[in-house]
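In the two complexes that follow, chain A is the common piece, with chain B as its partner first and chain C second.
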Partner chain A sequence: MGAAKQAVQVEVGDEMDVPVIDHAPAERGTARKILPIVEGVVLVAALLAPLVLQDYLTVFATRVIILALFALSFDLVWGYAGIMSFGQALFFGSAGYGVALLARDLDITNIVLVLPAGTLIGLTFALLLGGFLLLGRHPSSVIFVSLGTLTGSYAADRLARGWYYLGGQNGIPSIAPMSLGTYEFTEGPAFYYLVLGILVVVYLLCRFLVRSQFGLALAGLRENEQRIAFFGYKAQHLKAIIFTIGGAVAGLAGSLYAFHEGFVWPNMVGVVVSTQVVLYVLFGGSGTLIGAVIGTVIVEGVSFWLSDNYRDVWPIILGLLLLLVILFRPLGLISFVLGERERVGSFGAKPKEKRNAAP
Partner chain B sequence: MPLLEAAGIKKVFGKLTALDGAALTVGENEFHGLIGPNGSGKSTLMKCIAGAEVPTQGKVSFVNADITAFTPTERARAGMSLKFQITSVLPSLTLYDNILLALQAQCSLLDLVFSRTRGALHDQVMTMLTQFRLANRAFDAAAALSHGQQQWLEIAMALAGKPKLLLLDEPTGGMSLEERRVTGELLQPIKKHCSLVIVEHDLDFIRDICDRLTVLDQGKVLASGTVSEIQANTSVQEIYLRRA
Partner chain C sequence: MANAFVAAFEILSFGAIIVLIVLGLGIIASMMGIFNFAQGEFVLLGAYITYLAYAKGMPIWAGMVAAPFVVGALGFVLEALIIRRFYAAPIVAMLGTYALGLIIRESVRGLIGGFYLTVPEPIGGSIDIGAMHISAWRFTIIVITLLVMGGCYLLLSRTSFGLRVRATLENPSLARASGISTPLIYGATFAFGAALAGLAGALIVPVFSLFADLGLRFLIQGFVAVMVGGVGSFIGPVAGAGVIGTLSAALPWVMAPVVADVLVFVLAIVFIKFRPQGLIAGKGV
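Right, the complex of A and B next:
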């Protein structure tokens, strides 16, 4: 059989079905192994965390999970579609402000209203900004999009600082807790498991999306936008769609963050948080989803530990760590265990190898 | 009515006039070679036809419609396909996914999100790969292919959407003699349903597969006609001798 495969290269024959079919399942078998294990380990660790962590650490862990959700939104946009968004906090923060205003001015804190509202705010802002930056007749350059998103985020930060209605520099403090009927979600294990549940659901939806045929189109977009336009893809539309979905996820994360912290402030829409999420994803490994989660946990965990133990120099240590990873592991920490082939993966349901009963 | 008609195409880059009134007419199921010395404007004319460049002047008609201002996406949807001069297969994707990517280009968004066309396209992907003698590498990354195989993969991708016209810019560049021969064989069967415009330096290759030729020199059409007419044309012989 091996000889037959070799011969295919030069032979003039027409029918090569046999080697294909018996080659395929083997490849597919080895192609997916590490990722589900990593995901499983992370999930188990996340489920057990509140049982072993002290209360104040559970609160910290809740914040990290929310930020991981935020990181997923950036991974979708950059890791999968190759859109460099330096303004992801714009959607995160504006949703945070939105739900804070709902709680402050309209006394709406019901979870079934505020979370969809926050998601919608993120989605709408992303649609507007994405429509403006991405939906030209001709493709917009990476630099145009990154500067455009950066400017959007910066402008939102300035606007929030200057606008009295939004609380100016101080933001909006003392947001009432998120509620469900008479139950109030306050910091602690219940809130933790709520956000973990949301993270898992969103993660699975993202995974479904990026492993679908749509995900293949995104991969094409990331690797060579011009090429896929010549196939007849509406590349700009694809970009606007994934950018909007990213905005919606960021909005969901932002509304959870606002209620968890109990206040919102201008930094939340600004450049610092926008950059932070880029670092989470680059650190963990972009284009893997789980890398975004791991990156967030590690960057936040290490900052937390460093700031406790090396009060003065911790930002420098953290900066060096990030630099080292980005220099020597451009594909992020996940690339220590995850090979290139598996990272790229395959798309659509596995083909039903109807004829895989080959010898 | 010809399938493709480009007339009076002028393209100016700054002070350089790359095309100065070039024209090209291609009928249905015709293999048309575009030749000429280096710098004669062959690639630029291809790009103007494919939509990678917008001509400064002139008109491109395709299937009876004026497509001069169409974007590449619109041209692709009208049935035109391009293989770039520089191979642009997507290196990290498998061969299978490269072809699938090309095949599913015109599926609806919902079909893509729910992977509804995946099963139906599977056989087409394998057929394309088999036709281009790449089936045994289906699940290797495209980056692992030899240069010649990447070119074949790219031709297969360009053909995946069943175009009416395929534009090939130097398909045999960097290929061995054997690979060139096979490329010619691979292209023959598509004549049944597709026309071809091919830019190529290898005149033997062009002569073997083309029905008609257009010769460009300094941005203008020097001659156009059947292969034997062009071979007999003295001014064509002259420019090739002059540069030889």
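Right, the complex of A and C next:
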């Protein structure tokens, strides 16, 4: 947490002549390099995974990658901007339902149509809900936003369960596979590399976004909203923008998920999935994009591994672990290897130049 | 006429159940400023204890009496061990209590399996008024709710303990300076809120039967009710619960249940957006 404040201070430092607190150069030099290494290792592992995994595990890995994409969307909203979105599944699931309806009623399964459509659905819903919850004359309290998103997700769940057109309790089964021309994406290595490619692209875009000036303002929002407002940023607008972007990413993930699983069901918009994504990000480490990915892989991987033998006990263990992480490792598992400074990154002028400039 | 009366009774009894569940939630939210996600699981525990007493062959009412005490004691312990660390950060408190709730819920699920277990009503039969029959047990719930509400009100407004609680709520540092042990007050209040949830669970289990997601069903309704009513007073959440409970029970009589269900939430969120302080603003009883 302190790192973001410090980064803000570095920014202000130029104008206000506040002495900048600097770490020892050696410490920074080593600390800087861990994040790219972690990201590289994860990428290489993900690229090699289908080669060593059996077929049914590749299908499972594909699902994990899609969920990681979903976790990324929540991490943008909570980890960077500090908006507790307890209803992220609303965008995930509504996009899933949207593309499922496209495939069922209009026979549209072309990848270049359905994925943008899903993204757009997520974006629209997030824009509407986020705009309503976040904008307005009086800034909304964090509690209101988190309960508002939670309620939105719960209400959508009830609606999906009761609406015959959406398949009611059973959801929409047997969605046709996603297609590109005559080629059909079915479960397997091709689908895996497709979603991995999408994840990498989205990850890089997000990384660019959070390391930009915009990302710095977001990190500032998370740490001290009032201060950012005093700097002249429109805090509410920033929040609404990142919320909408998060919704779009969740929508993309949701449409991929719907086609991969081949069906959508009410839980997908509901509280269960909404809280699941919170678990992923908290475990991995909020405020680092890679933390969200790692958290998803760990939680899903371990639960897949344990669910055969310890199906009943696993959710209890999950709860206990979550409690321990919240109490003792609020920055998630990634904080074991990653320093505080790297969560925020460097902004503006390079630190080296600054040291030379400051007498 | 008879129909309208039955409808009114249904609405009233559902409203009473929501009030009962929201009371504890509202007290904890007002006192500590945290929204306790584990509250639904306290309800579940109360229901489970009642079921346990029934399954062991004890009279059901014994389980119902024991439930609030056991759940209250658990709440006290949890507050001292875990919840206490969360007071500074409301969002972290939500996540932490969510984790707690997950542990409790899944433990109970493991104990009862995925079944719906029924517990008979300790007071069976129906009360007949002319041609109309109303369930005796639901009527009892309404009466008990009124008694509990009255009791809470008296406790908070007329006793020295209530005075301390209100003082801590209004200005914690001044209360500490005046020699009130605020950590103890917080612990006691949390335990009291948990005990109310346990009581609610014990009373509603004959109506809804016991299943692992029993508490979850009421949790979000409870949150919305607290927000609508307004955090910071005793009477606010109760009023909110009355409104939400009445609406949720009344709207399905005039429109499709699916639409009614969603409409209640939408209306509530819109209301809170434009009146963030809730129905009844301000602190006090």
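We adopt the following convention: the second predicted complex is superposed on the first by the 316 of 359 C-alpha atoms of A that agree within 3 Å, B and C clash if a C-alpha of one lies under 4 Å from a C-alpha of the other, contacts with A are read in each partner's own complex, and residues count from 1 in each chain.
Here is the rule we use: contacts are C-beta pairs under 8 Å (C-beta built on N, C-alpha and C of every residue); 3 or more make two chains touch, one makes a residue touch a chain.
Being a predicted model, the structure only gives us computed values, none of them experimental.
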Just to be sure I read the superposition right, which of the two partners does A:223 touch: chain B = first, chain C = second, or both, or neither? first
In the overlaid three-chain picture, which partner chain does A:235 touch, first (chain B) or second (chain C), both, or neither? first
Per the contact definition in the header, classify A:330: touching chain B only (first), chain C only (second), both, or neither. second
Which of the two partners, first being chain B and second being chain C, lies in contact with A:132: first, second, both, or neither? second
Between chain B (first) and chain C (second), which does A:275 come into contact with in this model arrangement: first, second, both, or neither? second
First, second, both or neither for A:163, with chain B first and chain C second: second
Could you list which residues of chain A make contact with chain B in one structure and with chain C in the other? 138
Touching residues of chain A toward chain B in the complex: what are they? 5, 8-12, 14-17, 19-20, 23-24, 27-28, 31, 137-138, 209, 212-214, 216-217, 219-220, 223-224, 226-235, 241, 340-341, 344, 346-349, 351-352
Chain A partner contacts - residues on chain C that touch it in the complex: 35, 82, 85, 90-92, 94-96, 98-103, 106-107, 109-110, 216, 220, 223-224, 227, 256-258, 261-262, 265-266, 268-269, 272-273, 276
Hey, which residues of chain A end up touching chain C in the complex? 84, 86, 132-133, 136, 138, 140-144, 146-148, 150-152, 154-155, 158-159, 161-163, 271, 275, 278, 282, 312-313, 315-316, 318-320, 322-323, 326-327, 330
Enumerate the contact residues on chain B facing chain A in the complex. 50, 52, 71-73, 76-77, 81-82, 84, 88, 90-94, 96-97, 100-102, 104-107, 109, 111-119, 122, 126, 129-131, 133, 135-136, 138-141, 157, 160-161, 178, 182, 185
